[in-house]
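The letters A, B, C and D name the chains in turn, as written, and every chain counts its residues from 1.
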């Protein structure tokens, strides 16, 4: 059903010029409650069964890569905030990794631990949004307000305290972090981590093991391991197929090599396992935060970086495990204050492509379940 | 006074029924026709109530309006497009059809007027559900069982027709 | 005690005598009295949804760790009123591709039957607007008309999502109507009447001095019948987990996507009025109506009735804010392969019980 | 004026005539089905009227009405599923398109 790995043969499927012979043509989006932004999925159906589905992107394109060519290196961090707006911390971090590789600077230890703490907090916040919106996609409204409105809000409060912003942080800078944590911040994080374990168990009883929820998501939208690899899927979506791949383990950046945590994997890559892997990841993130808090020592938070600097000519690639998968920044420098070319590898964009084969043969209700479980952020897809 | 009120109600219902029936057979939009038919069936339920048949009136609403007409509208939504009302909805024999149906209606009306004029009734209507229940499972039990067999057969038939070709084997 | 039933009937008798004294024919006086009663019912049915909307928002807020409406009036109790006024003044939009007649009529067809449905509901001792002999059947028959309104909305909007919502609604409502009617049959068999007042009156008294003689306490039959009735009622009112006709995340808003202003408010009114009606029916059928078991004398019967009704309304709200939505084919399977067979088994068991008691 | 049996019978005759007209002239299979329902209802009005006016103490007429309604439901279900099957095959619900036997 959904195991073909080939692209559609013609654009006819994307924009049908006439009503299909059987069934109908539905334009799901760009204004639709469950496309999570301005994505349009062109669907032809036979009754309730989907015969073809084509994601149609570009409604949110802001030319981030081109803009970057006219900004100095520190100014670009602001642009990266706006990519995956639910996980701005990891965007900052990934960009800084690439630039730091080009510059060859060392990061103070405290800054690296702070990066890990905010990065993992960001992962939890992002997965909280996923959990809530996925609940809404399936029809349960309460998880949204519990996960989104209660737990994520507390994480954003923590972020606000450390960097002054709640959504676009601009916190992780080239060579370190913007500011040291304020007094008492670490205790608050500890308190939050302690409470969060119980909250995740609450989500399990509310949503994860709800029979209706399992009925809606188990065995739906199955993705084989070969298919996932062929389409370049990364992140929780890949791990749900049973493929143990995580940049934090495979290509450790920062101080992740010192951290002790597991990579949750699924078995058959259906919607429920994609969801479960994320819930499990939240628990692992909590463990990492605890370890980082224990290892946190007072010290510098910014490396020796001048206010204005030129990056030596050459190319650098930095990537990390963002909440949605492998996020990479590729920067080519010609020695000037701004990059010659910057390319972003956004995990959402790559994960989104598989929809055209994954959606085929399922019902319209399942389309929503699958679309939600892939967990895309349109800001990152369209850049 | 007590005599004229049912007559008034009857006149109102009769006009509504005739009007809605005409919409059913003349409307260009099949959907509107079906909605008019739904209204007409509701009016017939009102006539039943006027005739003291309360159980039958409720049954009429439950079976016709709540069942048959909903399935009818369902099929209309599946098989029609909103722009279909631009098509002509009557065939070429409509003149002959009108003549023929008018003739039948006139013949029936004349016959009824001649034979059944001036039959009145004075008894007060009483609840009928208990007596209908006794009738259906007493004197009429054989037709009752036969009807249930017919229903079963039609159910099986409908499911069979509803299947796709590849599912039938 | 505050039994308003006898008081009301005396008041209406006095009123009729008064107008007859002024020269009105007795039939006219009777019609006047019934018209006033109908007016009271219409008022009640229009006001209860406002209370229910407020209750829904508050209950959901407390389930979701937030406060809900707080600004309009103390604890936001006038929020629904404000919303109603807002909806009244909103522009009434009819899309170009719509069937104007169907689009305009749909909300009215959906909401009008609800008012009629309350006629045979016994709100307390002597508080039955019209004690119909075919009460239960009457309610089922009339409430079926509302489905036509949903279909008209789906077709009349000229919108694919509305059309899909209408199709789903038709399939769902027709299917769930069957177990809903069948689940009530054991009650009718046991009490030998279809009048809701008669059924409620049959459930007075106590077993062994402590257990109320309500139908729900009949072993096996009572609980199963109530369960099927409750589930099918939730499905009939298009509420989560059976809200696939208006599934927000799939079909935008299903059949009422294209409705705005007062028309939208009418659909809302219909939904909440049906929630109230289903709860009231459940109380009359399964919970002894206005019977107050051992605490009989503490409150008048209409308070008992309303209290029990709102307890069951709370179940509706609770379901909505706890469960995700079923998928359309699983929904049908659940109806035809689970509810319907068990409803039929239940009728058989009830028949056996009645035979054994004789 | 008091209601009499022939009022109901005349009304049903008119409805029956309208039903015949619809069944004869509609192009749409669904329209024909709906006209047939009209005719059924005309007959039902007659049955209930005869019951009420001629045998007010018995309910046989109403019993027959219930049978007619049940059979009408069966007829509608089979008819509509046939319409759907036809629509699936020839993509039309107009009677003149049903000419597969025409050679």
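Throughout what follows, a residue touches a chain if its C-beta (ideal position, glycine included) is under 8 Å from a C-beta of that chain, and two chains touch if they have at least 3 such contacts.
Note that the structure is predicted; figures quoted are calculated from it, not measured.
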Query - Clusters that remain linked by touching, subunit C excluded - result: A | B, D
Report summary line: centroid check, CA-based, most central chain -> C
**Report entry** Separation of mean Cα positions, subunit C and subunit A [Å, integer]
**Finding:** 45
**Report entry** Centre-of-Cα separation between subunit B and subunit A, whole angstrom
**Finding:** 60
Report summary line: Distance between the CA centroids of subunit B and subunit C (whole Å) is 27
Query raised in the report: Where the centres are mean C-alpha positions, what is the separation of subunit B from subunit D, in Å?
Result: 6
Query raised in the report: On subunit B, where are the residues touching two or more other chains?
Result: 55, 59-60, 67, 71, 76, 78
Query raised in the report: Could you say which residues in subunit D touch two or more other chains, in rising order?
Result: none
**Report entry** Those chain pairs that satisfy the touch definition
**Finding:** A-C, B-C, B-D
Requested in this report: Provide the residue numbers of subunit B that touch subunit C in the complex, in ascending order.
Outcome: 1-2, 5, 29, 31-32, 35, 38, 42, 45, 54-55, 58-62, 65-67, 69-71, 73-74, 76-78, 82, 127, 129
Query - Interface residues, subunit B side, partner subunit D - complex - result: 3-4, 6-7, 10, 14, 17-18, 21-22, 24-25, 30, 33-34, 37, 40-41, 44, 47-48, 50-53, 55-56, 59-60, 63-64, 67-68, 71-72, 75-76, 78-80, 87-91, 93-94, 96-98, 100-102, 104-105, 108-109, 112-113, 116-121, 123, 125, 128, 131-132, 135-136, 139-140, 143-144, 147, 150-151, 153-155, 157-159, 161-162
**Report entry** subunit C residues touching subunit B - in the complex, by the definition given at the top
**Finding:** 25, 27-28, 97, 99, 101-102, 105, 132-134, 137-138, 140-142, 144-145, 147-148, 151-152, 154-155, 158, 163, 166-167, 170-171, 173-174, 177, 181, 194
Report summary line: Residue positions on subunit A within touch of subunit C in the complex are 24, 26, 32-34, 48, 135-142, 145-146, 149-150, 206-207, 210, 212-213, 215-216, 363-368
Query raised in the report: Which subunit D residues qualify as touching subunit B in the complex?
Result: 1-11, 13-22, 24-28, 30-31, 33-35, 37-38, 41, 44-45, 48-49, 51-54, 56-60, 62-63, 65-67, 69-78, 80-85, 87, 93-96
